[in-house]
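Below are structures written as structure tokens.
Next come two complexes, and both contain chain A; in the first it sits with chain B, in the second with chain C.
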Partner chain A sequence: MTQAEATAAANPLADRWDGPAVDCDVQVQVGTIETLYPYLEKGWVDWIESTAFRVPPSLAINYPPRAGISMAPQWIPTDGPAAATRYEALRDHLLEPAGPEIAIINPYWGLDSLRHPELAASLARAINDWLIEQFLDRDPRLRGSVTIVHHDPAEAIREIERVGDHPGFVQVHLPVWSQAPWGRRLWHPLFKAIADRGLVATIHYGGVPDGPPTATGWPSYFIEHYAAATQMYLIQVVSIVAEGLFEAVPNLRITLNDCGFIWLPGLIWRLDKDWKGLRRDIPWVQRPPSEAIRQRLCVTALPLDDAPPEEIARAIDWLGSEAMVLYGSGYPRAKGEGLTALLDGVPEAMQSKVMSENARRHFNL
Partner chain B sequence: MQVQTQDTPQAMAPEQLARIDVDTHNLIFEAQVAPYLAKRWQSYLETFGLRQQAAYGLAVGQHPLAARTDAWGPEGQPPGLEPAFFCQQLLEEHEIDLAILNSTLQSSCHMMGPGSPRQLIADLARAGNEYEQEVWLDADPRLLGAICVAFEDSQSTVAEIERCAPDSRFLQILLPFRTMDPLGNERYWPMFEAAEHFDLPISLHPAAQHGETGSGWQSFYFEHHAGLPSALYSQMASLIFEGVFDRFPRLQIVFQEGGWSWVAPFMRRLDRSWDQLHSEVPDLEHRPSDYVRRHFWFTTQPIEEPDRPDQFDQLHEQFAAAGLESRLMFSSDYPHWDFDAPAFAIPHSLSSDAREAIFSGNALGCYSRLALLPGIPSTP
Partner chain C sequence: MSGPQPEVGSSTRGNRYVVARAADIPPGERRIVRARGRTYGIFNLDGRFHALLNRCPHQGAQLCKGPLQTFVEADAPGRLRFDDSRWFLQCPWHGWEFDIETGQSYADPARTRVRNYPVDIEPGAELAGGDDRRGADQTQQEPLVAGGVHNTVVSGRSKGPYTAETVSVSVEADYVVLILPDRGSKETPI
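Up next, the complex of A and B:
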């Protein structure tokens, strides 16, 4: 097999879907700190050069360098820079010859784990400017996520105001391990800034909280941390519902990204049940939580965790909405085999919604 | 150690065991345990008092003592304080044959969790267990117990398990959902060794305790209640991947009140994660989902309530297809506000075999020590 053939075969859509597609989870990477030097103030470049800082710790905490979830085998380069660090590689791997009409980039570099507020804010500005210049302005098929450092919400809002109106940005990237659950009142101004610019708040795997990353201490092995990451998505949805974020920011839309969805119907049912029993505790939630969730929250379908087609179909039925599920390849971390299983499970009449229409509506593309 | 069977006044015939309720709550607070404490800690309570710091994370509860409003006794006695009223309101009214008491001593983690002197916590556990034996288990043969332990302290935990285990009316060891380290951590292994030795499942039950999430506190009781399953994801992954079940192949874990609709999807995620990351835990002997089927049990209350009734049957089908049909046990959570009445909580659309398994057969499988009690059939 030639390199070109290998690339074509590895394209997540190849031979699986030839209709319109919006890929909601493409994980472009900064690569090395030098990538950002042209976009940083000179003082910061000197400062970085004189320190030991090269990469935020969150990256290796959540994506151990050689772990199977960090890079799919077909994208590990034999030499040269890692996949998805350069536009040309992204184009050749993902967009051509038969790629998605639109690909939404999640450029997670772990900035939330940098506690130095000024350094982190400067790097966020640099990443956004790098993404605009190197990706968004070079290809009309690409859309991006605004990188912010959420532990300084006022600065995060300033950054959203600075770049949020660029037509390439469609969402703000939020790590699922936040400094406090995302529904909490301290974040409401941040979500208002996101929604006011027509952006979507997208919660993605990653992040480093101040304390242990579970309610029950520090896991010993990464596989415990990774496999049980669903626990944090669950906590975020519960917090968002309970604190009344949907009511406080009525035009807000939210994505859960990179967590799969077959676990979600059970949570929606539990929320509705507890709302019936405990709504006196959260009187600002005037309707069963499932209503706002189904209207304003979307979830990327992958990973499917090898669920058989009938289980996927049933989980979609249980969600109670055909508008919630989005396609996201997870390139270059995911192996790409999930799409076949997804299409086998999604009823034919709903496939174009999952592959493109739901995303177009959700992100107003 | 030899486990002794107890003489009970009324031996029960197997056909009477139609309903076993594996999660009920008797009230054991400071006033109840104080007379049973060592003098040193009685004096501590009299001159100083218990701090509440381990409960800082819990939001304001929505019901006094989390209880049904009708669960106070005729003279206003708090819910779960008096065995006679408890037996009348739960066992007689709902035709329940056996009930496992998960005492509030363990649910009040300001008494049992970290944040107090280690010896005080250990003595509270011992005193509470003695109170439970005398006031509750002796009162009615249908009442069965759970051993409270100072679970962060292996030495006293093992000693207390060894002290209580000869009383076969104790069926399990009671822990809160959240421990200071994930439960698979080796520092809890002495407890597992003792639990396995005495055929005592480790049962995790919600409690008022520290740290509700992996990213800070929650604000509302609603959030605490709706989010309960989250800690169980972490505990299940930890127990499996840290190799607890390879070292203790007969150990059984019960997850109480945390739901069960999440388990079958999570088994898929555990397996897929292991397929991608198994090099990190190369010594694991089985697929992760196999450990779930062999070592975990779940309770029904609060029962899952899908949008449509037929979806409950689908949910149960999914659970059964994952190999978990025999692992689901009826619980009422009496006397708490979200009590599930056995006549209504488990949908009649399930087959009679499935209902029978949930109401009694599965509990007989989980709690093998039931066979030590007179009149109880041995595990099928």
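Up next, the complex of A and C:
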């Protein structure tokens, strides 16, 4: 398939939703390291050339380039390294015709797996500057995610301070496979820096291979890593609640991206129940955990679990809030069918909330 | 709390039940007593006596056999602050905590229900004679003993749906007197 043929493919909203939409989960691709050369100091370009560094290892682990799981075939051009490496491709695939009013893009490139702190920080700065110049400043429909390297929270805060006030940025991208659970106190200053700029902390699939991606050890097959990713999100939510992150950073808002949501109601009920008996363990949590979760955490609905529409509706009801579920296409991983299943399950009166209103409130758009 | 406790009731006067010698329940200790067909926990908290119905309003466990925990709060993550002048009684089944002075639980504020009972104190000399006015005066002089001292949100913590049923208790000289509601008044059904 050529770039032109890929362009002809319908955007994910086509024939599925013609109301206002905010797409909260769009990935753009750095593609090759050369993309970042104009945004790096010459010394780093020389360093990269001399070491033959090409790509951070965790990109290959979480998003194998050109693999079907990373990019839907219809979006992969034959004349480029990956889908969505250029603004024009993103515009033609996603934004036109009749695309979302706003698309929130993240350029996840797996920097979490780089051990060289100065190189990783330089690449994060380069990715942010590339995203601003090549995407955010070129189309007012685009909003972006700040790329940081969380191994060094102080450096991550400096980068948020450097670019976080750019009007195009609405969130900071955090990997679900983090070096330590996101509720831990060492991250609290990072979350404060995020919230103080009115940004949202968005936890997304991907992250560091420092430890196994399951709580019980290394799986054998990719499907185990992929299907069981939910448990990493679950652990993050529990950590965020128990460590008091919501109390420590009262204006913090959090998004869970790319993880579905049917698992979440059960966890909310479990947390409320266990909090009643174990409250004195975490006395800074003075309200049932469900309250803060429902008020301050949103989750993109796709990819949806393969449940019948009436059960999708039931799961949304179980969440206990109509404000938590967001639309995110998952472009370029997804082709769009997930949206059909989602809209089949979301009650009609709630559809505009899921497709647009919840995101506008959550991200203050 | 070893062995079955005898039914108390031989020394009743109206709704006042003499349930123990005060000296038998030293500070920090408790005794489970039975009166009017139900069991109660009598607690001596540093000389202040409190009584709770021995039944967790959650699922009916013998609440008063649970551990007493020092009150703990935190105004920020990790900033624990213990207050060893106050206690939570923790249900042995699910760990729910109840403020022992008010019976108030601190979970699930959506269904909060607060119930307090007045506490009265009379000296032992009144056991035989009876002088209700004296008791009322004493209550005013001993506000710490009165129920409802902590009958508001404690440090921002939300009150829960359940209230362990507290009942009045007073020390009459060397005796602990459990004061139950008048017969016919509304009590939590068992």
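As a working rule, the second predicted complex is superposed on the first by the 351 of 365 C-alpha atoms of A that agree within 3 Å, B and C clash if a C-alpha of one lies under 4 Å from a C-alpha of the other, contacts with A are read in each partner's own complex, and residues count from 1 in each chain.
The rule is short, and it goes like this: a residue touches a chain if its C-beta (ideal position, glycine included) is under 8 Å from a C-beta of that chain, and two chains touch if they have at least 3 such contacts.
Nothing here was measured: the structure is a model prediction, and the numbers come from that model.
Of the two partner chains placed around the shared chain by superposition, chain B and chain C are both touched by A:243.
Counting residues of chain A touched by each partner, chain B versus chain C, the larger count belongs to B.
In the superposition on chain A, contact of A:306 is made with chain B only, not with chain C. By the document's definition of touching, of the two partners only chain C reaches A:286; chain B does not. Touch criterion met: A:224 reaches chain B, while chain C stays clear of it. Legend: residue contacts after superposition of the two complexes on their common chain; A:34 is shown touching neither chain B nor chain C.
In the superposed model, A:263 lies in contact with chain B only, and not with chain C. In the superposition on chain A, A:96 makes contact with neither chain B nor chain C.
Contacts of A:278 after superposition: both chain B and chain C are touched.
Across the superposed pair, chain B and chain C both touch chain A at residues 243, 272, 275, 277-280.
For chain A in complex with chain B, the residues that touch the partner chain are 67-69, 177-181, 183-184, 207, 209-224, 226-228, 230-232, 234-235, 238-239, 241-243, 260, 262-263, 265-267, 269-275, 277-282, 290, 303, 305-307, 311, 314-315, 318, 320.
Every residue of chain C that touches chain A in the complex is listed here, in rising order: 69, 72-80, 88, 90, 94-97, 106-109, 155-158, 160.
Touching chain A in their complex are the following residues of chain B: 62, 177-185, 211-223, 225-227, 229-231, 233-238, 241-242, 259, 261-262, 265-266, 268-274, 276-277, 279-281, 288, 302, 304-307, 311, 314-315, 318, 337-338.
Remark: chain A residues 185, 188, 243-245, 247-248, 272, 275-280, 283-284, 286-288 touch chain C in the complex.
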